[in-house]
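Below is a structure I'd like to ask you about.
As written, the chains take the letters A, B, C and D, and residue 1 is the first residue of each chain.
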Amino acid sequence: MYPDVQSLKPERRYKITRVGVKNVVKPIFVKRGNKIITLVTTIDIFVDLPPSKKGSDMSRNIEVISEIVEESVSKPCTGIENLASRIVKKVKEKHEYATYAEVHLRADYFLERCTPLGRKTIERYGLIGRARMNEEGVKKMVGVEVVGMTACPCAMETVRAILRERYGDEILEKIPVPTHNQRNVATVMLEVPEGYDVEANDLIYIIEESMSSPTYEILKRRDEGEVVLKAHENPKFVEDVVREILHRILKKYSNLPDEVMVIVRSESEESIHKHNAFAERVTTLGELRR
Amino acid sequence: MYPDVQSLKPERRYKITRVGVKNVVKPIFVKRGNKIITLVTTIDIFVDLPPSKKGSDMSRNIEVISEIVEESVSKPCTGIENLASRIVKKVKEKHEYATYAEVHLRADYFLERCTPLGRKTIERYGLIGRARMNEEGVKKMVGVEVVGMTACPCAMETVRAILRERYGDEILEKIPVPTHNQRNVATVMLEVPEGYDVEANDLIYIIEESMSSPTYEILKRRDEGEVVLKAHENPKFVEDVVREILHRILKKYSNLPDEVMVIVRSESEESIHKHNAFAERVTTLGELRR
Amino acid sequence: MYPDVQSLKPERRYKITRVGVKNVVKPIFVKRGNKIITLVTTIDIFVDLPPSKKGSDMSRNIEVISEIVEESVSKPCTGIENLASRIVKKVKEKHEYATYAEVHLRADYFLERCTPLGRKTIERYGLIGRARMNEEGVKKMVGVEVVGMTACPCAMETVRAILRERYGDEILEKIPVPTHNQRNVATVMLEVPEGYDVEANDLIYIIEESMSSPTYEILKRRDEGEVVLKAHENPKFVEDVVREILHRILKKYSNLPDEVMVIVRSESEESIHKHNAFAERVTTLGELRR
Amino acid sequence: MYPDVQSLKPERRYKITRVGVKNVVKPIFVKRGNKIITLVTTIDIFVDLPPSKKGSDMSRNIEVISEIVEESVSKPCTGIENLASRIVKKVKEKHEYATYAEVHLRADYFLERCTPLGRKTIERYGLIGRARMNEEGVKKMVGVEVVGMTACPCAMETVRAILRERYGDEILEKIPVPTHNQRNVATVMLEVPEGYDVEANDLIYIIEESMSSPTYEILKRRDEGEVVLKAHENPKFVEDVVREILHRILKKYSNLPDEVMVIVRSESEESIHKHNAFAERVTTLGELRR
């Protein structure tokens, strides 16, 4: 009864690579261990569009999200990448003209942690799920974003040299001396092939172990000192953070096949500069193993 | 005299794909026509790093920027992509261990425009320059980001149908009826091969002509009415904006070779939804010409 | 054992108006109706500091948040302003040197809504809670942020005049004609005196009724047409949105005392301009009633 | 000829406190020393609106900006607060119904600086200008935002105590030991009464001297060490930064009258936490002098 403008032939006949919705925000229930938690999830959904169709039926993307949200109450997913995979399959099915579909999910995520002296704190992380689907099937990735701390190894050695010039004391060879340290945001994206499981909590743990030190929302005096010392006993460039993460991923996921994609990033909000330092590796497990 | 920590062998031997600085902001002088203008430019610079070197010498990236800024006073570039290309070459040279270098530039940019009734206004655009360099040479891209307006063709036809039910008047077939309209942000990134010239102003013009209507900072009454009517006489999906831009690029740049990369995006900040609508085409001119 | 640096006398003796933590993010359980929901809440906490004390004990602020988060599991609050009030009291108590404390809370919040044709959708809102405490007691405010739609009344009448010039048809006097419409973000902050209750859901409803139309995440064809028409039958300036909200607040909260503070804002992301239009009223209920 | 909808009586008769435009971005020429520089300026303009008028004539605000931009070519202002003052007077005049007008300006700003070892670098700052006008006249404020570095005095003493436990060496009493350090963003807003002059560059200098250390975009090895050491020889809480700035402002501006408003803020992006630490003083020079 109402005109179906989307199905008209467009005046200019070009294929569209990706068309859809961005920044849809919904609460989704997810199963973590034996608890159900709420993820306030930001969702992007795209499909491709053939040259012969004027518009994509975008409301179908939102319908899929609604169905998934409803399902998540009774049948919660166990991982954000599985959620992305569930969505991408439904989306591709609903857009019968599409040969490709893509879903991005992002959410804040919280874990209990212990400070060096054993005090419990709740820490915040980012959780990322992605899935792409084409004629050959679905590829999904799980990702985590972790804020931690890096202390600069280069400035530390220069400071050590300057202090030795001034004080000439041999103790200066042994103790951690000052250096600049700062917030570091590290990200891992790891492909999860069908039939395999990757636990986001493990990736968070790997990143935290790969920085100069994890950070904590609550630190009473001695705890604060221990965190600072730990960071200064493990000075790290952004490059070192990326390499350490790669090393630990190889060790932890020796069962994952060679073709698995992995992206690792580390960005330091440099305390001595107004700009950031950044390092990234984009590769496959196979390439790393060689 | 001071230890060169960057040159040490790292504990974990992995290559780094990209390492460098992000969000360096500097004023750079650029030549536009016969005027020198200041671009407040945000700069990212990356190189790769072999497995055998602990750290990249990041201060060299900033030194390159300083040299370019200084040069820009006496010898201003004529395009942001040429600036990116000049930087990428210097960067690669300074990091003798690098096999790859990459530069991203972004700046606000202003042009005088005329409203439908001929009033002059100054409008704001985004300017993007990118260059990558490997063993085979330099690739550079020029980009523009333009804010304009789209009016939805689908809602317009539904509204027309509803109004006809209510009023049954034949005039309703002929006149533009209400629809939702909104800010649209469209982006073009176009490769510029060595020996060719692409003028950012032309890309801005192409985008503005491809939306339902350009927007203007100053609109007195009648001008405002004309802009609204123009938008409603050219209702466009995000898909239509992308296609119209592709069509105009093919026409304008018939001289550019087939292998030239082009990326076109359109994102509407939907007035009837809380989320955005998005469309994108990533392709080469050759593929579009087929 | 470890030096208490915060308690030292500072070199420069000046009082600090506000000192504390910003952007602490935690999941907090809140009771809404007979359901427990999770609010991912961003928290700022400040106290004042006398001239004689070098530093505020900031970790106490995080301890208070931890206690409240834990309490929220067993004894969830019923409103975000009550949560803010609970926190501000604990904070002031823990900083025995403080004469003032202040707490800001912000969270995403979701409600089920019905489209014009009765389809259920889940919509996203912002929830704000604030509390300040000094010697005289606690003041708390509840706030909501709502994204909706405005259609411009001025452009509509100009377009009507232009269309009449062109078509001279009398129907044009009666029907809604095109105008620019866009996302509007409206905010209400309302003081809640001790012993009174204000329901955030009511404020959200008031704002949605005061715009040209609410917006919905999911709209199939006819629904989309109805939303566009509703907006064009209720064209509103940002000023009109603010006034309509004030009017409805006065009516709804006739029981609240005259000294109650109210702040109402409306910001339109203008579709025909690159800038935003903004209107605000800062006042008390008493002043409005006069 | 076209209906003047703004001048209609609104259905709901309430005064509007502030109505106008936000996020207008324009390049404006300003005189600094004997150079003309371009400020890419973000502009907000508001007036009040009486209960009897439906809408404010917002395009007049943009007309004022256009006139000022044009004037700035031939007759550049010498300070951003004078620019704000010039705009607020024109705006109030153009809105003959307004009893109040308000203008906010923000721009990136660049100064040449020297690193500890004398290398020249160009550093980025934020420049803020504000002006308000009512029946009693104009009040204007100049503001600067500066990114620098703070090192925590508390963690340093705890680390010193821990290192003494471990190493028992007396040198540890004398040398700077590690602590957490991070980016700090400090802001000063200072009222400038008619007939007085405040130089933004001086405020920037005051802030840089009040932090643990300024930061620099380019630092070769030894310079980097000196910056780190300087920061560790001047550990500062956010409270200390605010107090030191207040102290230096009092000294520098002993000529300014008592009623002059001053706002000082310091926010540390804590390297050991995921949240920020914040301190603020809002006061008058008179209150500080007491």
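Miscellaneous remarks
Throughout what follows, a residue touches a chain if its C-beta (ideal position, glycine included) is under 8 Å from a C-beta of that chain, and two chains touch if they have at least 3 such contacts.
These numbers were taken from a predicted model, which means no experiment stands behind them.
The chains touching chain A as well as chain B are C, D. With every chain reduced to the mean of its CA atoms, the largest distance from chain C is reached by B. Here chain B and chain D face each other with the same set of residues for the most part; over half of the interface numbers are shared between them. In this assembly, the C-alpha centroid of chain A lies 35 Å from the C-alpha centroid of chain D. Averaging Cα coordinates per chain places chain B and chain D 30 Å apart. Remark: chain C and chain D have CA centroids separated by 26 Å (rounded to whole angstrom).
Multi-chain contact residues of chain C (touching two or more other chains): 2, 24-25, 62, 124, 154, 158, 161, 217, 219, 221-222, 225, 273-275. Chain D contributes residues 123-124, 147, 149, 151, 154-155, 158-159, 161-163, 167, 169, 171-172, 174-183, 213, 215-217, 219, 221-222, 224-229, 231-232, 269-275 to its touches with chain A in the complex. Contact residues of chain C toward chain A in the complex are 2, 4, 24-27, 37-38, 40, 59, 62-63, 66, 69, 108, 110, 121-122, 124, 217-222, 225.
For chain B in complex with chain A, the touching residues are 1-3, 5-6, 10-25, 44, 46, 49, 54-56, 58, 62, 153-154, 157-158, 161, 237-240, 242-244, 246-247, 267, 273-283, 288.
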